[in-house]
Amino acid sequence: MTYAAPVTNELIRVGVLGAKGRMGSEVCRTVEGAPDTELVAALDDGDALTGLVDAGAQVVVDFTQPGVVMGNVEFCVRNGIAAVVGTSGFDEARFETVRGWLADAPSASVLVAPNFGVGAVLSMEFARQAARFFESVEIIELHHANKVDAPSGTAARTATLIAQARAEAGSGPVPDATTTALDGARGADVDGIRVHSVRMPGMIAHQEVVLGSADGEILTIRHDSMNRTSFMPGVLLGIREVRSRPGLTIGLEPLLGL
Amino acid sequence: MTYAAPVTNELIRVGVLGAKGRMGSEVCRTVEGAPDTELVAALDDGDALTGLVDAGAQVVVDFTQPGVVMGNVEFCVRNGIAAVVGTSGFDEARFETVRGWLADAPSASVLVAPNFGVGAVLSMEFARQAARFFESVEIIELHHANKVDAPSGTAARTATLIAQARAEAGSGPVPDATTTALDGARGADVDGIRVHSVRMPGMIAHQEVVLGSADGEILTIRHDSMNRTSFMPGVLLGIREVRSRPGLTIGLEPLLGL
Amino acid sequence: MTYAAPVTNELIRVGVLGAKGRMGSEVCRTVEGAPDTELVAALDDGDALTGLVDAGAQVVVDFTQPGVVMGNVEFCVRNGIAAVVGTSGFDEARFETVRGWLADAPSASVLVAPNFGVGAVLSMEFARQAARFFESVEIIELHHANKVDAPSGTAARTATLIAQARAEAGSGPVPDATTTALDGARGADVDGIRVHSVRMPGMIAHQEVVLGSADGEILTIRHDSMNRTSFMPGVLLGIREVRSRPGLTIGLEPLLGL
Amino acid sequence: MTYAAPVTNELIRVGVLGAKGRMGSEVCRTVEGAPDTELVAALDDGDALTGLVDAGAQVVVDFTQPGVVMGNVEFCVRNGIAAVVGTSGFDEARFETVRGWLADAPSASVLVAPNFGVGAVLSMEFARQAARFFESVEIIELHHANKVDAPSGTAARTATLIAQARAEAGSGPVPDATTTALDGARGADVDGIRVHSVRMPGMIAHQEVVLGSADGEILTIRHDSMNRTSFMPGVLLGIREVRSRPGLTIGLEPLLGL
């Protein structure tokens, strides 16, 4: 990813929670490697959060566990440290709780994103924008053979976003003339959108949204994630932008300026 | 399709049965347009088969109905006319019956092909050849939104051919770590091979066979049929080759010389 | 295309210029077939433009020739008829002339679009939006073998839009380590963006924009136009929307509300 | 890759030349990891070839340099060790020299393969087989942005194989109506076949052969190599099979039993 780093003389002081985990350790490397960020604290299970304050962290990145992330976020808000959160397990109730903390700290800021892949987020956003112009849409996602769930979280969320956009545009259900089908042939139904999950050794993480109309136009938005580090540009974008967005931001989309 | 027409001075005399049907009428146009064939009889429902003999037909193309095709084939065999058959409804019992007729007419020849798309047949053949070299394989087929069955006949047959090739090579089941899935997400199971059916306005007839191995190699064989006339080159190939293959030939594969 | 037609009791009265041409005749059929439009005049070479006024046309669609289109547009502006123009040959000088006419007729409106394919326009727009987030981008366009120019106008325009977006974001040139290349292997250079043109019998009109970044994310935006009628939804959108946009509108993009 | 290892009680004794190189070190790991092979010698620059004999190597794998590989192969032939060679730089003159050595050692065997990717070799073979059935064919290859040559060696070889197959079938030149083109738009010409080279950060090694005919059939054979280890299954196949093929074998194709 190549959006320019903001020109500045001061490095952003970053703390990482879950620093020994798979994602957290990647974040540490990324923060150390970027020209405008500095790793000042790398904490994991058992380390005291006060280490973040002692180190003067301005932004904290949290890739921990659903069971501890809320305490971490509250600590950051109370101590004026911006938080970039990739830990899963957030629902509307949790978002409300975070908003409550932020109400008492108007200049604090929290970014919670279910997906830090800039390409993945763009492809979801484009699928949502295009949805109302086409009669139908289906999703094919392809992942490595060790994945235990189907469809992927990204595919399910893409389907939901598309279904909402179609409903807002009054699009009606997608056409489907199938009368005879083998069980499973037509994929899973997520909010009325068909999703097909391929599991294949050699694949990594791939998704295709296919939109079509009877007049013969097909639009395909494909995203390929060729390795795990492809989430780091999004994390870095979050670190750079979070402090300029007081309050709670959900998802990377608002930071992409689309 | 561009395989050269055999150089010859005499035109092949062709009769068409089902000449008013969608496929039959295309065959008539194709036979009239090709440089080495001549349309001598175009019969449909109610016309007497003796018209084929009167016209001196050397090869008959049959795109009729399962209910009448056997009578047509028997007439051709008895009268020394080679038959190229695209009508559906053939099973092993019917093939045995045809072989019985042919036993009494050693120089007669019948070609029955479930698919005259040369590209479709090639892609099935390549998928079969490649199957044993990859840990896993899945099929994605995409058709227009008016198709009533899923998966397509071609996809089901491709899956069966792949499963046979894997069994012969001792490949074992394809890997699948899925433990949590929405109903249908992982597609239909055809002989142990997963098949995904997309239905989309604007599409015509498309199929992708994706093969992968854990070491990171992916092989994809994709076939697109952009309109109905794409079956005609295969029919023409059948017309040209059927007489040089006495007896019963099933499928276009033997004529492709792979 | 399925965006809903605005609910209204009155039909839009449409005139077509170039009504006997390939595109114009399609427009006539489309206008006659749509539930909210009515064909009131179908003029071609030699017909007097006053026929548009006599017929009470509210919107005129022009698919004529570069040599006559300017006169047509001026006539429409002078007579208070909105114009939807698909004729090629517009440059900045022509746009200035049109703006001059419109200055004297503040409620008049003209839409000039180089491409009425909604999917094509969306894919250009998405490519433009995504450009600044990726280190590199190339374009592959595939068309039927009778096309005489390469690259296609759409591909060239897409490259230019991408180059502009990258320049605005300060992206720098795309990386390219090639030191030894066969002539032409790396495609054409359009404003610094590589464009590859495939010409293939069986293809119709297809384009892929591939964006990649070194961290392993690839985003592909593919558009397939399976037949010529795929431009009609965009023409219909223009007919419906042009009168609500006084002045000159260039391109379909503003009407898509992205 | 999953073709079963032959059941046997004895391990194949393997020596590796160029054992410290990028490919050689991968081969060492692969030989040590496979259930039916044993690494008995790992030699590099400066080590005496007699080490192969001392270690009782039955098969030697050579990933060295064009300047030394001929000496290595001669040593193997003279000492009754089968050779599997991936080093580049072989031409017909070198093959003749190897055949000369083998003439004096009828039971010796040498396999020289320019590409050990089983999927890549299959895709070349399928492209060659399909070539004569389609009016036209073009190749698109996509590699990472650090690649210095264009087109890739595999793409150039694929084009040559296709051109030969078309010539043998009397196919004539591919159709191309282009009269106006930007320099490079139509790709490089390799034996009359157009080849397009995309260079993109995030890509690894990918190739698409697209075949089309005017009747609307498109066949696409795509190969993706997602990482470097994807060559090892082919090397292992060579190790297992080379001794059963006395004389010189060029390319992996004969071992795939297509």
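Letters A, B, C and D mark the chains as written, and numbering starts fresh at 1 in each.
Assume a contact is a pair of C-beta atoms (placed from the backbone, for glycine too) under 8 Å apart; a residue touches a chain by one contact, two chains touch by 3 or more.
Remember, it's a predicted structure, so these values are computed and weren't measured experimentally.
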item	value
Chain whose average C-alpha position is farthest from chain D's own	C
When chain C is superposed on chain D by its C-alpha atoms, the rotation angle in degrees, nearest 5	180
Separation of chain C from chain D, taking each centre as the mean of its C-alpha atoms, in whole Å	46
Between chain B and chain D, centroid-to-centroid distance (C-alpha), Å	34
Chain A and chain D, separation of their C-alpha mean positions in angstrom	41
Residues within chain B bordering two or more other chains	135, 202-203, 213, 215-218, 224, 226, 230
List of chain B residues in touch with chain A within their complex	135-136, 138, 140, 142, 145-151, 156, 175-190, 194-203, 210, 212-218
Footprint of chain D on chain A - complex, ascending	202-204, 224, 226, 230
Chain D to chain B touching residues, read off their complex	1-4, 117-120, 122-123, 126, 129-130, 132-135, 169-172, 211, 213, 215-227, 229-230, 232-233, 256, 258
